[in-house]
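Some structures to go through are shown next.
After this come two complexes, each holding subunit A, first together with subunit B and then together with subunit C.
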Partner chain A sequence: MDIKIPDNVKEVIGKRGIKEADIEAVVKEAESSNKKLVKNGRNLAKKKIGDVLVYVDYDIDKGVLSKHAKVNSAYTHRIVLQHIVNADGPSGWTCAHCNEAAAFGHVQMEYMTVKRNGPAVVCAKCGDSWAEEYLATKTLAAVEGLFEKKRA
Partner chain B sequence: MSEKIGETQSLCPHCLRTIPADKIAENDNVYLVKTCPEHGTFKVLIWRGVEDYRDLQRYACVFSPPEKIAVQTKGTCPEVCGLCPDHKQHTCLVVLEVTNRCNLKCPVCFASANERYKFHPTIDEIRKMYQTILDYVQHPIVVQISGGEPTIRDDLPEIVKLGKSMGIDYIEVNTNGIRLGEDLDYLRRIKDAGVSSLYFSFDGVTGDVYTKTCGKDLLEPKLRALENCRKVEMGVTLVCVVAPGINLHQVGDVIQFAKKWIPTVKGIHFQPLSYFGRYPKVPEDEDRVVLPDLLREIEKQTNGEIRFDSFIPTSCANVHCDAKSMSVLLEDGSLLPLTTRALGPPRDTKNVATKTRKEICDLWRYIEESVSTSSEEELDGTWLGFIERAKTRYLTISAMPFQDVWTVEAERLQGCCIHTVTPDGKLIPFCLFNINSLDGKTLYRHKVF
Partner chain C sequence: MGYEELFPGMDAKWHANATKRFASPFVDVPTDRIDVDPIILSHAAVACGFTIRDFYEKPELGIHCVGYISHLYDLLAVTHWFYSLPWCRELGLTLQYKDTLPPISTGPIISEPGQVDNIHVPDVDELMKGHTLPEFIRMYEYVAKNLPMTLVPISYGFDIVGAAAELCGVENFIMWTFTEPDAAKKLVKKYTDTSINGADGLARKFGMAMLIVGSVLANNDIFSDETTKEYSADMMRYYVDQSFRRGAGPQIFYHLCGNHETDYKVFKDTLIWSPFTVFHVGYKGKEVFPSSLLKQEFGNMATIMGSVDTKIMINPNPKVVYEQSKMQLLGGRDSPKGYILGNSCECPPYTIPGNLLAMVKAARDFGTFGTW
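Let's look at the complex of A and B:
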C-alpha cells in the first residue's frame, strides 16, 4: 500500500525525530493486524519501535487501482502504557480489532520506575490503550524531558 | 599489581615546582605518583575503583575554550595562569572574593580568613573585577560572591546591585549564614538587591560537627538563618565540607534534613575536604574522602534512596572533578533520582558546557514551557502532578572534590570552568588559586590579594 505524507506533516515528523520508514512500519502492521482505532475513516495506530512507541494518525483513500494511506500526523512517547485504571465516557473511537466502542479513560503509565496515571483512549475488551497526540507531545514529552535533560 | 594508567603534571607540595606525575592503578585504587628533584617522591590517593575511574571518561565533553583570554603565554601551565591559550574550558562560574575577613575563625578554612594578609576591596576595585568578568566571560554570567564572609560587609547590597547593573546575569552569595540568621532586614536587602540564591555552609545536623569544623556549636544560628531564608523565599544550597571522623557519617542525615527544607533548600553540595589554607597535618590516605567514597556513603546512608549510579559528571568540568544528581521529592517523602548512569552520557556532549551553565539560570524553564497550563486533570497521582512536583519539590545533590597541592593534576586544571577573578584582571581556576604548599606559600592567592 502506498503511503502519502504531505509536506507539512513531513516537517512536523522531522522535528519530532520520526523516520518515514517508521511510519510505514506502523501503518503496514496496523493494516494487516487490524489493531487500531477508527473514527469516520480516520485511523490511529501505534507500534513499538526500539524503545519508543510510534503513533500514526492516517486516512485510507480507496483509489481506483489501489488504496493508499494519507498521513495526518505522527508522534511518539517512551513512557510505557500499562493497565487500564478506568474507562469514563465515549471517545468516538472504535477499536477495530474488537469492533467495540473505545472510551476515554485512564491508564497507568510507567517511566524510569515512576508510575502515574494518565488519560488515554482505552478498549475495555482487549485492554489496549492509546495516548493522544496532545498528551504525548506535551505532558509525556515533558516528563521524558525531565529525565533526558538531567543527563546533561 | 601496579599499572601506569596515565600521566600528567602536578606540583611539589614543598616548593610548588611543576613536576611530572604518573597515574598508577594499584589494589583497585588510583594514585598520583610524583617526584620533585629536591623534595623526593609523593604518592597520593586520588580515586578508589579503577574501572569507575576509567569508565567516567565516556562523559567527557568536547571542550569549548574561552573566547577571550588575559594571558598569551603558552606551555607554562600552571605557572602563568590567567586564563592562557592552553586552557580548554570556558568559565561557567566566577568566584568573586569581596573580603577575607570573617565573623568566625574556623580551624579549617579555604580562605585562611583573618590571617597573614588583608583583603577588603573598595567598591571601585570590585567594579574593576566585575569589568574583568564582563570582558572575558560569555553570558549568561554567574558570579558567586565569596570571602572570607561576604555578609560582614554592610555594603553587600550595593555590591550586588552594582554587579547586576553592570550586566552580571546571576549572583549567588557564599555565606556561613550567621548574620543572616540575626538580621532578617539585611537578608531582605541582599535579596532585593538581586541575589538569586545562597551557597550556605552547613556541615552537619548536630552541634558537635560545628564544634569540630568551626570551633563552636553553630547549629542554632544555622537553623535561624534557614528560617529567615524561608521567610523571604531565598533559595539555598547547603554546602557540606565532608571529612572522615567529623561528618562523613552524617551525609545521609544532611540529605534527610534537606528534604524537610524543600523548597527553600534547592540542593546540597558536598565538598570532600581538601587541604587548602589552615589544616592541622600532612594528609594520609585515610584522611581522604575521594569522590567515589562519598557517593558510596550516600548510597549506604540513604539505604539506596540515592545511589552511587544516580550521580553523573556534569560533563562540563573534567569528569573527575564533579558528580551530580537530581531528584524529585515524591508524595511519600522519598526522593526519586532523575539522573542515572544507566541512561549513559548526554547525547550531545558537544554543547554540554553551555547547557550546564544555563541550567543554573533557567533550570526548569524547559519543563514549564512544555506543559500546557489549561488542564482539568486532577494533579494527584498524575503525570502533570509529577511535573508540578519536579518544578518545585526537587533536590540537587552535587559534589566537587577540590584539588589541593597533593592531588592537583594539570589535566583537571586545564578543563576547569570555575574561576576566581583577581584584582589584577585575571581569571584563575578556583583550585589553582587556592593551592598552597606545606608551609603556606601559594602560587596565586597571596600574590594578588
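Let's look at the complex of A and C:
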C-alpha cells in the first residue's frame, strides 16, 4: 500500500520527531492486523516503536488497481497505557478488530514507575486503548513533563 | 512600592522540602508527612495584618500573603487566589467588594427564562478585554516575577451551578430546575462555556492551566442525586473535557463542598480523571465526609483530600481540631493514590492559628504514608 504524507503533515511530524518510516510501519501493521479505530472513513492506528507509542491518523483512498493511505496527522506519547479502568460514554470511534463501538473511558497509565488513571478511548471487548491527538499532544505531554519535574 | 516589598523573601530550605511534600502523593515518593491544605484565602491576608477586602480587591497582595503565611503554618509550596464568582462580570453581573466578605453580586439578574438566550458567551479575545482573565494573568505575572517557585496558573470553573445561578438569582434558578429545566440547563452551559474559554485563554498565556471546578450549590440539601448529576457532574465533565482539548490541565482539583450525603456516587463514573487529580468532598449530611469512605469510593481513581470541619476552625479548642484531623488522617492516609488533609471548605478568615497548628501537628503525628 502506498502512503501519502502531505507537505503540511510532513512539517508537523518533523517537529514532533516522527520518521516517515515509523508512519509506514504503523499503517502497515494496522492494515494487516485490522487493529485500529475507525470513524467516518478516518483510521487511527498505533504501534510501539522504541520507547514511544506512535499514532497515525489516516484515510484510505481506494483506486481501481490499488489503494493508498493519506496521512492526516501523526503523534506520539511515552506514557504507557495499561488496563481499562472504566468506559463511560460514546466516543464515535469503532474498534475495527472487534467491530464494536469504542467508548470514552479511563485506563491505568504508567510513567517512571508511577501508576495513575487517565482518559482514553477504550474497547471494552478487546481491552485495547488509544489516546486521541489533543490528549497525547497536550494533556499527556504535560503529564509526562510534570512527572519528570516532580520525580527530579 | 510594590507589594513584594512588604514581605521577606521565601525561605528556600523550607520551600524545597514543601515542594517535595507537595509532589509526594502524585509520584509515590513518601516524604516527612502528609500535606495539609486548609484552603487558605483571606485568612492569609488577615494573618498578615490586612483585611478581607484587601485580599479580594488586591489579588497580587492577596496571593503574596498566601505564599508567605504558608511557611508559618508549614503548608503548601504553591500559591492560589480566587473567589467564587469568576467570569460573572463578563456575563453581565456587577460585583461589589465588601469589608467582611468576598465580592458579591449586585445584579442585574435576568428574571425571565427567555432571557437566557440573550446571554452572549464571550470568546477568548473578548475575555482578554474583560475583567476576570486580565486579573488572573496580571496576578500570575506578579507571582512569576516575585514568587516564581510557587507559581501554578489556575483557571477556575469553580462552582459551575452556583455561579450560573447568580445570573438569574439563586432562588429563581432552583425554581427553574423544576419549572423551566431547559432554561436552567442552558444557563449552566453558557456559564461553563465561558469558563472553558477562560481556561483556554490562561493556557495560551502560560502554556498550562490547572483546573479547579466544584459542585457546591448542587448538593443533597437542594438537589436529588439525579439532578446533581444532570446539572453539575455532567457539566464538570464537559468543562474538563473541553478544557483539555484546548490545552488546559492536566492538573484538576474537584471540590465538592456542602452536603453530598448520597450524590457523591454520581461523580465516580461521570468525571474525567487525569494522573494529577485531587478529589475533595466536604460533608456527608451534617458531618464531615469520612476519609475512610472517600478512600473506599475514590481512592483508586485519584489523590483524595479529606476534610476537617470548617466550623470548628473558629472555635477556641485546638484539641477538637487535632482529634478530627487524626480521625481523618487514620481513615485516609493509606489511600492508594495519595491523601491530603484539608478543610471542608475555605479556611475561615478569622481561623484561630492554634487550630491550623493542630491540623499540622496531627499530620506530623499521624500523617505517615501508608499504615506504618
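Here is the rule we go by: the second predicted complex is superposed on the first by the 145 of 152 C-alpha atoms of A that agree within 3 Å, B and C clash if a C-alpha of one lies under 4 Å from a C-alpha of the other, contacts with A are read in each partner's own complex, and residues count from 1 in each chain.
The rule is simple: a contact is a pair of C-beta atoms (placed from the backbone, for glycine too) under 8 Å apart; a residue touches a chain by one contact, two chains touch by 3 or more.
This is a predicted model, so every value here is computed, not measured.
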item	value
Touching partner for A:86 - first (subunit B), second (subunit C), both, neither	second
Touching partner for A:117 - first (subunit B), second (subunit C), both, neither	both
Subunit B versus subunit C as contact partner of A:18, first or second or both or neither	neither
Shared subunit A surface residues [contacts with subunit B and with subunit C]	109, 112-114, 116-119, 134, 138-140, 142-143, 146-147, 150-151
For the subunit A and subunit C complex, residues of the former touching the latter	85-86, 88, 106, 109, 111-114, 116-119, 134-135, 138-140, 142-143, 146-147, 150-151
For the subunit A and subunit B complex, residues of the former touching the latter	79, 109, 112-114, 116-119, 134, 138-143, 145-152
Interfacial residue positions of subunit C with respect to subunit A in the complex	23, 26-29, 208, 241, 244-245, 247, 249-251, 269-270, 272-277, 300-302, 337
Subunit A partner contacts - residues on subunit B that touch it in the complex	312, 315, 326, 328, 336, 338-340, 343-349, 352, 355-356, 359, 366-367, 370-372, 377, 381-387, 390
